[in-house]
Amino acid sequence: MVTTPLLRLVFVADLAGTFLFALQGALIAVRAGLDPVGMLVLAFSTALVGGLIRDVLIGALPPVAIKDWRLASTAFLAAALVYLFGSHALRLPMLPIIVLDAAALGLFAVAGTIKAHGAGVNGLAAALLGTVTGVGGGVVRDMLLARVPLILHSEIYATAAFAGAVLVVIGLRLRLPLALVALAGGTVCFVIRLLAVWQGWSLPKVPY
Amino acid sequence: MVTTPLLRLVFVADLAGTFLFALQGALIAVRAGLDPVGMLVLAFSTALVGGLIRDVLIGALPPVAIKDWRLASTAFLAAALVYLFGSHALRLPMLPIIVLDAAALGLFAVAGTIKAHGAGVNGLAAALLGTVTGVGGGVVRDMLLARVPLILHSEIYATAAFAGAVLVVIGLRLRLPLALVALAGGTVCFVIRLLAVWQGWSLPKVPY
Amino acid sequence: MVTTPLLRLVFVADLAGTFLFALQGALIAVRAGLDPVGMLVLAFSTALVGGLIRDVLIGALPPVAIKDWRLASTAFLAAALVYLFGSHALRLPMLPIIVLDAAALGLFAVAGTIKAHGAGVNGLAAALLGTVTGVGGGVVRDMLLARVPLILHSEIYATAAFAGAVLVVIGLRLRLPLALVALAGGTVCFVIRLLAVWQGWSLPKVPY
């Protein structure tokens, strides 16, 4: 059974992940020369559009990113902080950002997979929608910047999210305890992502 | 109470706004070197995709842009006129276009906010979805052209729509008469937009 | 009446079309320098996102591309084959690909129109959604590559799909036998597309 304190913990973690992804989106907006509207849009996109696409596709309308004002507010707060602290924000140290980002990726992928699975889609779709929850916002952000999304050509990022998502689907099918399944999936995503950054891994391309 | 003549007026205004936005989309398609298919797609996108996204997100499916054939037909008619009048259309005077565009923006933002609010989403979401109704089509049009959407980096445009949308939400919450609320919201959007163009305002960016 | 063997035939044809479109998406991903994740995403987009957009807009959620794991699996299989056969895959002969692509376009446009019409939208919307089923995936693929979608500026492609879709709508309205209507619509799309490639037709642009 999912206990209330656990649910509250998940919600706080969700807000924290939203804040962190939004922070990155706003920073990227500044570097791209966008104005405050662009910062708000990129913060929202990066943090919330992955889950929004998932909710549209499973028919959970309106999406939670629309229904719960705390999510959008958190994203906009992150953009406002980047705006207020300006060039200081651009000098944030990389290492903690990468570590926190990997944690947020794992969290989003796991939570997205569990939600999609609960909506009754098949296992492959649940894992794909979990991955979309983690990486979809960044893809739309890059499309708004007229750039080929980073995850399509370099780094192990979507792959880490998908690995965690697959583990969650397997765990759910085996009816293992939810907390255990979530922890295992998130950890696998987190570890693969950090190992990939640390070792400079990337997927082998087809020679052309 | 909303009277039938008022509803009819709103519908006519909606068609007029659709026509004007579609005209702009088709003109931008010509300037970008697109063919007639591109003109139709950009006319449809500019005029109708903002409302279409709003309808998807509030679960009003199929979206009104799909359900009511008069909307798509109006957009395609605008594209056809641009095609027929070719280079003449490209020399349309700027000033009336800017004024009419500001009016259509106000209309779309207000109507979108009222519809989203009526679907039961929270106030922040209603204002955001109203803004999306006004500016979302232009964003998708710019994405189709592989350009960074104009509203993300310059001009006061989404800001004007959002200001009008917020006023509408406040008015609806205070249970003020709908016609008054709509008029006030649309006027605020219209005036802010025109003042911004006239004075060359733009939002202050974060120095980088 | 639709017989079961006919339905099975349609399903097999659908999988074949999915496979072919996915193959093209994966090849384009390789040429664009994407990694395996990009190949999977472009294969899925090209083959399945058109129908996915249709399903979202008619409210058939989750979309069949999510609900039926065989569709996504077929798209990923095509990407895997391109990956395994690498540079050989890039030297596939053009002619059969163009012919098969035209056949798949007709199939998708016809099947999409019939499904949208069955969902109760008006005739114009059904034809547009059928066209989106055929060409929408390629549009999103091009947007992911930060390119202006090919169908917006050259070739007779969406036009062929729309012509076939319109014929299907007319046939359905006249209550002609479904198999006949589908065959006629698909053939018209197929023939127009091949004639256009063969003769180098394109739509006349507005001179600028």
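The letters A, B and C name the chains in turn, as written, and every chain counts its residues from 1.
Basically, a contact is a pair of C-beta atoms (placed from the backbone, for glycine too) under 8 Å apart; a residue touches a chain by one contact, two chains touch by 3 or more.
Note that the structure is a prediction, hence the values are computed from the model and not measured.
Because chain A and chain B share one sequence, their contact can be compared position by position; here under half of the interface residue numbers appear on both sides.
Rotation relating chain B to chain C, from a C-alpha superposition: 120°, rounded in steps of 5.
Averaged C-alpha coordinates give centres for chain A and chain B that are 30 Å from one another. Annotation for chain A: residues 56, 143, 146 touch two or more other chains. The touching residues of chain A, when paired with chain B in their complex, are 29-39, 41-42, 52, 56, 61-63, 66-69, 72-73, 82-83, 86-87, 89-90, 143-146. Contacts from chain B toward chain A in the complex involve residues 56-59, 119, 121-125, 128-129, 139, 143, 146-149, 151-154, 158-159, 202-208.
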